[in-house]
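Two complexes are shown next, each including chain A; its partner changes from chain B in the first to chain C in the second.
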Partner chain A sequence: MTRIPARRWGIGAAILALGAGAVACSPSPTNGGKTGESAQLVVARTADVDVLDPARATAFATNQTLALVYDRLVQVDANGKLVPGLATKWTVGDGGRSLTFTLRDGVKFHNGQTFTSADAKASLDRIIDPKTASVARSYLANVSAVDAPDPRTLKLNLTRPDASLLTALSYTGTSILSAKDIKAGTVDKKPDGTGPYSWKSWKQGQELDLAANTHYWNGKPKNAGVQFRVIPDEASIVSGMKAGSFSLGIVSDPALTKQLSTNKKMKLVANPTLDYHVLQLNGRRGPLKDKKVRQAIACAVNRKDAIDTVYFGQAKETGPIVSPAYQFDANAGLGCTAGDTAGAKAMLAKAGYAKGFHLKTIVMTGQYSTSTNLAQVLQSQLGKIGVTLDLDRQQTNVYVPNWSKANFDAAVALNGGSTDPYLQYNRYFTSDGSLKVPAGLADPKLDSLLRKANGTTDEATREQVFGDLSKQLNDDSPWVWLFRNQTYYLESTGLTGFTATPSDSLENLRVAGLA
Partner chain B sequence: MTRAATLVAPAPRTAGQPSLPRRIVADRNGLIGVVLVGLLVVVAVVSLVHLGQDPLAQNRTGQLAGPSGAHWLGTDQFGRDIAARVAAGVFASLRVALVSVGMATIVGGLLGVLSGFAGGVLDAVVGRCTDVLFAFPATLLALALVAALGHGWFNTAIAIAVVYTPIFVRVARGPVLTVRESEYVKAGRVLGFSRSRLLFRHVLPNVGAPIAVQVALALSWAILTEAGLSFLGLGTQPPSPSLGLMVSDARNFFPDAWWTLLFPALAVVVAVVGLNMVGDGLRNALDPRRS
Partner chain C sequence: MSLRYLLGRVAGMLGTLVGVAVVVFVVLRALPGDTITAKLGTQAATLTADQRAALRHFYGLDSSPVTQFFRWFGGLLHGDLGVSMDTGVPVTHLIGDALPVTLELAVLAMVIAVPVGVLFGMLAASRPGAVRDLSVQGVGLLGLAVPEFVVATVTVAWLASAFAYTPSAGTYVSIGDSFGGNLRQMLYPALVLAIGLAATVMRTTRSAYLEAAGSDFVRTARGKGVTEARVRFRHILHNAGIPIVTMVGIQFGYLLGGTLVVEQVFALPGLGRLLLDGILHQDYAIVQGVTLLVAAAFVVVNFGVDVVYRLLDPRTRSEGRRA
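Coming up: the complex of A and B.
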């Protein structure tokens, strides 16, 4: 046997000691055994917050987090209906040209200051101000002036009726900030809202701590705080859940969840979101100029098979309208049964493309994990009618410019949905929409339907117009609507009271606790 | 007879010695290597004629099914036959490896021999260029090249070839420096042989051995690099089967569907171990001190 020199023993002991130290310093898995209202919830997700100003937040994790710190005038409930937030009620006046809010009494910012209409006015004025460069500015495009006649009243004057404004006022982008912070210019330094949690600390790229706001107007949170941990690899989030390190893990890869259905350490909740998967067709190019060809492609796609393969059956088929508030036949207007290969082939032959054709199809890699898998399924399905998808996988930074310039025949895309179909499609299918190029098609009928829906606040009329919009979109078939995205919440067995929402907000963490 | 034999200059193969393939097979490592690589070549050839299943045919009802009579190695997420995909993946890997190493050998070998034989400015330029390429970590350089050239098996092959060319330059140049100073080359120069005759008839045949060994080793690296690039999503593009891509896709299913990960990974291991052992055997067979 070789004798190990004493010095090596020393090094070995040092390494062991370091390892032991690392184990000792690693985060305690179960929160120090605290339960109930003294427990801190640990949430693991892949991304971190990027900006601290809600008016400039686009990233998903940012919206999700700031929505816990700030309140909006209105909120959306689990069914997509608008419910009071900082405003207790609202009335539409002047033939739809004004909107008057009665604001909640006794609400305090985390800094102790009382919330008044001056804060709401300053917040909305700040969004409208082009210098803020707010991503929410277009939502308030029809607002001509914001008045605060008394501390409990806020009046928005509109240039024309705007039915989607209330929904837009429920978005994190239109959060209410403190007028004092706006004046002091500290909005993007330290978040200070009226929400259920106050900002505690942030180690960028690692973890973020929020403390429960015990004075919250809607009841104090049922836990002491929330800690967000950034774990870029979803498989590591799953491992962490198995080790009991997190109360809640948020992942999007359906493949990962295959191995979790029988795990006793956690409960898997698949939450349908409003984001929707589509195959966008560029109706300004080649054979796709022909409506019948686009319809044939839409008919040839078997959504159920795609869901079974890509999402293991855990996704919901969708037509153009994704809002849970409006339910329409997903295929109405298409003129065929979806998944009817023979019918689609006949339609294609009738249009003069019996031999089929190739489509340059862009696929985004990196942002979401299912894109390539979905592309392969669509390639296989459309191959049956002779339409060959030539897949070009591109990183996000290559894909997005190509997509924006409509530099594709077809694009496998995941688009953000909305509870308001107008907010979902006005950017794409109105004549002055900011995304009308990547939409791939312009149809005056779509434009007028969208404007008609937004010009009225009568729910019955809106529902009917959105029904017509859904049919018209299917008739035009600029895109093939596939299914609604899923987010997977891995809940530790001790987590109680948490429910996911269709908008993937985490506002229900407020009522969650550890048993 | 004995006198005559001692007068003959050492040649790669002396009379009465077994042929090179026989000598490789006579080496234990060489034999195992040849068997393993032969197995893969057979599998790759079989994949070309689609004897069993179409590697691209999706079958929704047969998703992630374990090995069975119908699907010997099981199926993947799309219900595609893993045996067919592994076979096609082996073919793709071998194709990239052969083409890339072929290019690297021809370009690198020639440059090395020429620069070593000619010396002077050419040697300096080639030497410095080689140094620059060597300065980059191999995988990183290949990644950057594929990102710049675009996807596809041929671009992957070019990227790998560029990465391995400097190795061949060095491997070829070293022995040339020795050989060009040997007495038989000097004698040829005195006799007035042209430079090309000296180079191709007298120098090149005598530096073949190290290059041959290098080829076998480079083939195994090339397979590993191709698998690595595909694993990272930059090599072969889906739905085309590639061993690296299959391993990458299978990571998430591994606890449930081990066959999706095991078989493509095993194929990479067999290819790399096999080619390394062939390289071992080749080196031993060509080693003059051993014969």
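Coming up: the complex of A and C.
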């Protein structure tokens, strides 16, 4: 064998080293260093917008974005209270069978056209039309006709009183579009609303640019625009924030944020959302048919321990009602202390299951980061009372059909909440609810409480009924309620005026600036 | 290379692609769920029967799979890969945007990895069992063993904390727009990809080089007084070329479909991400189009490798004549 002098080989290594060092780069400050009202906010998140038509929007990022471009008739503030949007006021008439809106004057679409009741009517009619294939259509199920008697008045005729309709009208799905765009069929081509930002440009999968609407009826935005960057990997968003490349980063994996709170370049805000983590039980199967058994399971679960493991100690425990507008004791109606293993064991023995049993438990993977962790915590907690969760981890497309058909004994789920408890539960626990099968249980008492709440607009009555609903749900224990889901906002230190909301809406970006 | 041989190869390539088209189409439909459940998740269960029918019609899922296949395959023959269900954008446009990104990543990674791999492979083979051999092999093994996503994530984190630099801070800049801007975004992901590649190329080079170095013709060449450099490059490396070229060809094919992880971490809008999004949304036309393209790339690269064989080694040319 021949010898090759080692130093010659150094050349290759030197080339490699040069390559790595060649891209010496200066820090790239956000928005080219502009501050105040000329600054553009750069928001990094993992997902992109998928459709441009609000009536067909289901993906979270889509709703979040289109809500900045379009307005609704009513809007929800940070406390979950309804506030005027494109409608300045509304009155309930005909014994709850009509809802009349007075519309805001002098509002213009981004294309310059003036907003009238014709636009509102065309928008709602379009959602009701089956051809639109709008997912928001079910919210308007009780609307029999939409009338526009004059340019500033819109009247909804209802088949029966529907108190939650107003909240539904604050969702992105029921955004107000321009009648002209609807007629021209351009709604899903270029968004054109009355909102605080107008649509500027979109590079699918990469970047979306919105420009401040300087004529916005609720005051012109305190920044020049918002740019959304799609960074599919959450760790890369965190790195980008550390480098000062973004004004706001939105992530969901608690593990990533564990060591961030002390970083100088950013502030970490943990935001409890309306979505909630829950262990759904199938009350139509085996031992779970027995209410006492379900209650024993609910009592054996220790929420705090689960939060410690899954969210490193920081998340908001919740009972059945997640709305910040209606807060009740999470355990009222349960008849035991949550986390009382000995008590739960005794309850189970009394029901005749001292030896315990197995539950086929489905867990969705790939959709959110905490599912498996949570399932394992629940497995170990319930193991202590002899209830064995046999975990079956399934991809979304496998899980969804199984969940829909209630093909499970138990399901680890992340369910969508609402500021209106009726909208949170009517799908599950009313007799004609679209999700009554996966709900796993039907109780006429729940059905009548929900109908009672939706039949009145009197706030005091509603609050009392929702309190009873919360207690009744705990008593039935169809599910074990755990804690609210959490989103993390990484705010650059220069970002001012931004506040997160439970619905994860970004509408507050309007009043945010860069110092 | 005879014309008959060429025609035979081309026919084989087309046959393979038709097979891939059928398999992908069938597998996608055999998956549980559809684009509606993929988009809506558990919300899909809230749809009423007529809402569901309306959505199925909107996404073109209401016609029979056979009709869907021939509609798609007919379009394919005209170079039309269909449109994305979500946005209605033609798949050819989406691929047209994504392919250059991935292609550049793959080429750049190759340009870095091949010389490095070959040189270090030769270095290791120059004295088997010596310190240099063991250290090169050790580093190579590490390069193969550490997963790409770890290297990529660590690289992004390191760039951010050391240089306050984020390669994905701005939107993707094509090489035509700005050479420097493009290189800034692409160099690091290419380097990450190059690590595993270089290790593979190094190992192949080492063993092929060792095998060739032990041949009689090498001893003869040395005996004839050929200079050492000429022996190494002209006689040994040239003869060790076939396995190296094969390995590089295979790796290039893999890269076209396998830059996904790096594209995710560095937020590059390449083919891998297009494919992943297509799969997650069960956007059939996208998955079908990209898979077909990657298969086509594999077939073409394999063909190219065969051609290079023939140039490198006259012995393999006879096979064509016999045919």
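Going forward, the second predicted complex is superposed on the first by the 486 of 515 C-alpha atoms of A that agree within 3 Å, B and C clash if a C-alpha of one lies under 4 Å from a C-alpha of the other, contacts with A are read in each partner's own complex, and residues count from 1 in each chain.
Everything that follows uses one rule, which is that a residue touches a chain if its C-beta (ideal position, glycine included) is under 8 Å from a C-beta of that chain, and two chains touch if they have at least 3 such contacts.
Treat the numbers as computed from the prediction; the structure is a model and nothing was measured.
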| item | value |
| --- | --- |
| Partner chain(s) touched by A:Ala235 [first = chain B, second = chain C, both, neither] | both |
| More chain A residues in contact - chain B or chain C | C |
| Which of chain B and chain C A:Asp305 touches, first, second, both or neither | first |
| Partner chain(s) touched by A:Ser380 [first = chain B, second = chain C, both, neither] | first |
| Partner chain(s) touched by A:Lys258 [first = chain B, second = chain C, both, neither] | first |
| Which superposed partner A:Ser503 touches (first chain B, second chain C, both, neither) | neither |
| First, second, both or neither for A:Gln204, with chain B first and chain C second | second |
| Partner chain(s) touched by A:Thr194 [first = chain B, second = chain C, both, neither] | neither |
| Which superposed partner A:Arg393 touches (first chain B, second chain C, both, neither) | first |
| Common interface positions of chain A, toward chain B and toward chain C | 235 |
| For the chain A and chain C complex, residues of the former touching the latter | 1-4, 6, 9, 12, 15-16, 19-20, 22-25, 27-28, 50-52, 58-59, 130-133, 135, 137-138, 188, 203-207, 229-233, 235-236, 238-240, 242-246, 367, 396-401, 403-404, 413, 415-416, 427, 434-435, 437-438 |
| Complex interface listing, chain A residues touching chain B | 235, 253, 255-256, 258-259, 305, 308-309, 312, 365, 372-373, 375-377, 379-380, 391-393 |
| Residues of chain C defined as touching chain A within the complex | 31-33, 37-48, 50-51, 54-55, 57-58, 86-89, 94, 112, 115-116, 119-120, 122-123, 126-128, 132, 153, 156-157, 159-161, 163-166, 168-172, 183-184, 187-188, 191, 213, 228, 231-232, 264-267, 269, 273-274, 277, 281-282 |
| Residues of chain B defined as touching chain A within the complex | 56, 58, 60, 63-64, 77-79, 151, 233, 237-239, 251-253, 255-257 |
